[in-house]
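Notes for the one structure printed next.
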Amino acid sequence: MSLLISSPHAHGGDSIRANMLSVIIALLPAAGVSVYLFGWLALFLIVLCMVGCMLSEWVCLKMMGRPLSRLGDGSAALTGLLLALTLPAAVPWWMALIGCVAAIVLAKQVYGGLGHNPFNPALAARVVLLISFPLHMTAWLVPMHAPVFAAVLPLNLYDFSQCWNLFWLGPEAIGKGLDAITMASPLGHVKTEWSRGIGAVEALRNYDYSYLDAFLGREAGSLGETSALALLLGGVYLLARHTISWHIPVSFIVTVYVLAALFNAVNPDHFAPPLFHVLAGGLMLGAFFMATDPVSSPVTPRGQIVFGIGCGLLTWSIRTFGGYPEGVMFSILLMNCAVPLIDHYLRPRVYGK
Amino acid sequence: MSEFALIMLSAVLVNNFVLTKFLGICPFLGVSRKLETAVGMSLAVLFVMTLASTASWLVQQFILIPFDLMYLQTIFFILIIAVLVQFIEMLIHKSSPVLYQALGIFLPLITTNCAVLGVALLNVQQEQTFMTSALYGFGSALGFALVLLLFAGLRERIDKAPVPEAFKGSAVSLITAGLMSLAFMGFSGLVKV
Amino acid sequence: MNILFAVLLLGGLALLAGIVLAIASRVFHIEGDPMMERIDAVLPQTQCGQCGYPGCKPYATAVASGEVDVNKCVPGGERAMLAIADLMGVPPKEVEEEAAPPMLAYIREDECIGCTLCIKACPVDAIIGAPKQYHTVVESHCTGCTLCVEPCPVDCIDMLGKPEVLEEWTWSAPGKSRLVIEDSAEGETHVRAA
Amino acid sequence: MSGLLDRFTTLLGKGAAKGAASSIELKAMIGSGGFSGGVHPKQMKITAGSPIVQSPLPPRLILPLKQHIGQICTPIVEVGERVLRGQKIAKSQGYVSAPVHAPTSGTVLAIEEHAVPHPSGMGRLCIIIEPDGKDEADESLPPITDYRAEDPGVIRERIRLSGIVGLGGAVFPTFIKMLRDHRHPVEMVILNGIECEPYLTCDHRLMLEHSAAIVRGLDIIMHAVEAQRGVIAIEDNKPDAIAAMQQALADIAFEHIEVRVLPTLYPQGSEKQLIQSVTGRQVPAGKLPLHIGVLCQNVGTTRAIHDAVCLGQPLTQRVVTVSGDAVPSPANISVRIGTPIPFVLAQCGLEDLSGVRLIHGGPMMGERLSRLNVPLVKSTNGLLAMRQEALYSENAVEEPCIRCGHCVTVCPVGLVPNELAWHCRNDQFDRGQEYDLFDCIECGCCSYVCPSHIPLVHYFRYAKGQVAKIEKERSFAELSKARSEARDNRLAHEQAERAARRSKVRKQQAGDAAGEEVSGAETSGDGKEDKA
């Protein structure tokens, strides 16, 4: 066989698989924290989502007659892991499965598979779930080891059989209502208190909020979003491996920080402090792992900075003024819509032009 | 002043005509295949919707209400809008034949576009003043334009993607629009109107 | 009475609108058909008549007025069709006939009787010669339309493929087939479609 | 309306472009080169320590009549004629061209089409010479020993007559680059000793072994273009070459020339990128280096200039790196131009070519040759023989683009290769040109880093070829249209004339009594008219 082959004849050795693998590795600390906090439930959910996504991918590839080897590129497994990490630990298993199918079929394979999806599949699936099942998606399981709530925690998440029942049959199976085992996340708490006319500082005080707990992850939230430390570790790993560039996470986080700091300076009682915004909710997870999803983010450095700033702006606005307590997911999806335009208009300067 | 800003924000993002009110879907799907045509369509809609909402407000206040002809509201509005669209069509034909060709059937179709009639009727319903109705019309058109441009950008990418045969064309476009609509739900509650 | 008034009012408004539009149509009147020119510009100008019109411009006029499909230009192939469809804002339609590879007309001069019929048939004046003299084709002007072949009473015109030369060689798309000349290790030369 | 919008978007683009400058500066600090982007491919300079050896005379020399950019040459010798080494055997035709000289004494065997090193495997006209082994030299070009005393014009003419072209691989006729333009005086001559391609070491060895000739060659160039500053640019992976050049400068006591050490980064050896690394300035689009007062010459070219001027030897041989995993003893060889490549490979111990892929040039920008029996030409700076399985490009499977943006980061020109490749792949060439297709220098950085193994450069080459083809077809269509319109006008004119004549005849008819005869005469007249 002799096809016409163009230079270059050398290659750096990078591959899709290696990229996906390094993101999965970078997510391991966050996944570890989730198991530490939510015990067997976290593990069940992570495994279920990864398997669910890979199965969906396999079915799609089979139906579309595309090479099944594509399953080996690791993108479906990564989507599953990411989706699991954005879900509350108490989410019913079938809901998670619906999320898997939405992520792979609706948000990815419908567009022709890897590389063509305009939206981040995991996030799109999460929004689908949030809109469809708002109650379950905002009920945060009380984590283990959160010092303040340790006494409140009604069940032992390290007990396999108890978790097994809870996971497959729901809280009723262990004789508890959903309300009994869940609580509000700090962001949710602030939002509710606001609606009652209580400022953010006061709200955080009566929540017994602690920056250290938020940094280490000892707070309520979705599986993987709680520990800023673990996510930061993963993010630094990705940056060091050049899997992602600094532009999006830095511009995203800095924008949120600056905006929050500005408004906090104007009215410190009402607006939450900047550090709270940076540590709260899915910002770290979103900034390092969701917004940097190469397929659905801009390719040019300048575009990435604009993208990050847009995400930050929208996140803070939705958190502060919107109907939802958390805006990271919406803001990334909204900016995903703008990626083609950003890419088109913010190209690098061409040499000599 | 802040009232005007809120009206704009509400019309552009929160109560977006296309993604939350689901008005004007026809041009949204029809003219979003290419970015350039989308830009042209956006400009045409901006012009028509702003003028239509002010003109219909004038007709409402000075003809329909004084002469008690509210039952002819739809006919009057359509007449005004049709004239405006015809006028713009001639203008575009003269100034940019390419754009004229690109917009094709969709330009005359703005006449019966529910978004344009919708903005006129919603204005009346919400009992706006002249200024706010103009602003509301402009804002809604801006929201339409924003979404149309974003969508056109996305579609240019999707059109080149190896979409499975069954989903080619409008199917995948509608799914995209649906996902966009989900994303726009993030704006809900942003402005209480 | 009320109804009458309503009708009058509506009619009056409509009349006013009509007048405004009439004036506007005067002001914005356009001369000529720029679309025809634009279509003509993307046609290959072989003047071959395979579209059923006596040349490229007539076809462009017909397309612009919407009386014929956009897919009738055979030598222009898919590219011309897509360009026209794009200009006209209509969905693309497959070109039915496959365009022949680029050809040139050659006159076997020793058989030519100098009848000038081919000269008259050539739409681009690419054949030179005088009555009772050998005619010859100016290669750089020949569009390969084959219109000269039919009129020749002695059948001395051949349509031959254009020879490929190194200077005009271009890269084919990755993975697409292309003729590759290859030397095997044994020193043999193969020409094959890869 | 759309016009206005276009203008707005271009304004937006320009405004945004200004902002980019800062990010490029930032890159320059983080990265190593002065230009943005670039990659660090594996060096593989296994022949860096091998001294240049002289290849023996082959049984046959094949000299293509075009080994440069520009018009092909015409042979000025005949079959059977005896030629001497350095004798001009084909002369330039047109301005952008370079003559061909006989590499040794011998007899012209044939002037015929022969395969040349080109990816297509196609051939072109070549002069084939059978050496007689005497290697007698033609001495029509006397050495110019005191070149500083000569008029720069004389030097340039000598360079033109010697058939010297850029030996870095671009093979652009050197004398054209050296023309003086009084509006743009050359301030700085940069000697390109970068050699950033992996494997290749011929320039490196030249700098070590012929440093004095190279430094003198640079001085000749500077004299010819009347430049005041000379810079020898070498990457920091060749410390011995840096030392050798510095020593040579010290020996000759040239103070107007300096050695500039640059951090290793591919493609720093590309002219425009090198200029940015050395001067910090970019050559404006559509302009030449000359327009910012810079002239770049390759090490090999400079040495050839020295030989042509000081020794009176036209360009008839060059140094080539023969390397690759299939070559038993890789080497740097000085070879006569026209030597068959299998003969050169045999010098390095590679006789059996089965399962071997041949790359003409370096692995990043070189061409894979489908034909093996081709001569070595002026542009051959390297010959890499690779085992088939070792060759990435042969075995890569294209996967979908994941838009990781690595290609954007490494592109030294500032393109968006992934989007550009998309447009090219979908045959949207207008879009491709809008995305600056023709600014691509085909350095291969994008393909090198692509995790999806997309042959981006191949797509760009395909698109460039298609655009050229379309452009050619378009201009041909315009010509045809003009000719067709002229013909229509002429026919209409003739018809009008005929009609006028007919009406005149009719008038006469009305006057005349006998009408039938005249009308008969008219028809025969018509027939004659048609034939004219």
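Going in written order, the chains are labelled A, B, C and D, and every chain counts its residues from 1.
Rule of thumb we're sticking to: a contact is a pair of C-beta atoms (placed from the backbone, for glycine too) under 8 Å apart; a residue touches a chain by one contact, two chains touch by 3 or more.
Everything numeric in this text was worked out from a predicted model, so none of it was measured.
Colleague: Taking each chain's centre as the mean of its CA atoms, which one is farthest from the centre of subunit A?
Modeller: C
Colleague: Looking only at C-beta pairs in contact, point me to the busier pair out of A-C and A-B.
Modeller: Answer to which pair has more contacts is A-B.
Colleague: Please work out the Cα centroid separation of subunit B and subunit D, and write it as a whole number of Å.
Modeller: Centre-to-centre distance between subunit B and subunit D: 54 Å.
Colleague: Using mean C-alpha positions as chain centres, tell me how far subunit A is from subunit B in Å, no decimals.
Modeller: 34
Colleague: Averaging over Cα atoms per chain, report the distance between subunit C and subunit D in Å.
Modeller: About 35 Å, centre to centre.
Colleague: Scan subunit A for residues touching two or more other chains and write them down.
Modeller: In subunit A, 2, 4, 6, 112-113, 115-116 touch at least two other chains.
Colleague: So which bits of subunit D are touching at least two other chains?
Modeller: 119-120, 370, 400, 455, 458, 461
Colleague: Do you know which subunit C residues sit against two or more other chains?
Modeller: Within subunit C, the residues that touch at least two other chains are 171-172, 174-175, 180, 182.
Colleague: Would you pull the subunit A residues touching subunit D in the complex into a rising list?
Modeller: 2, 4-12, 14-16, 18-19, 73, 75, 112-116, 242, 245, 294-295, 297-302, 304, 343, 345-353
Colleague: Which of the residues in subunit C end up touching subunit B in this complex?
Modeller: 5-6, 9-10, 13-14, 17, 20-21, 24-25, 28-30, 34-35, 87-89
Colleague: Flag every residue of subunit D that touches subunit A in the complex, lowest number first.
Modeller: 9, 12-13, 16-17, 19-21, 23-24, 35-36, 39, 41-42, 119-120, 198, 272-273, 276, 282-287, 359, 361, 363-368, 370, 384, 386, 391-394, 396, 399-409, 411-416, 418-419, 435-436, 439, 442, 444, 447-453, 455, 457-458, 461
Colleague: Residues of subunit B touching subunit C in their complex?
Modeller: Residue positions touching the partner: 63, 67, 69, 72, 75-76, 79-80, 82-83, 86-87, 90-91, 93-94, 97-98, 101-104.
Colleague: What residues of subunit D sit close enough to touch subunit C in their complex?
Modeller: Where subunit D meets subunit C, its residues are 115-116, 118-124, 352-356, 370-373, 398, 425, 427, 455, 458-459, 461-462, 464-466, 468-470, 473, 476-481, 483-484, 486-487, 530-531.
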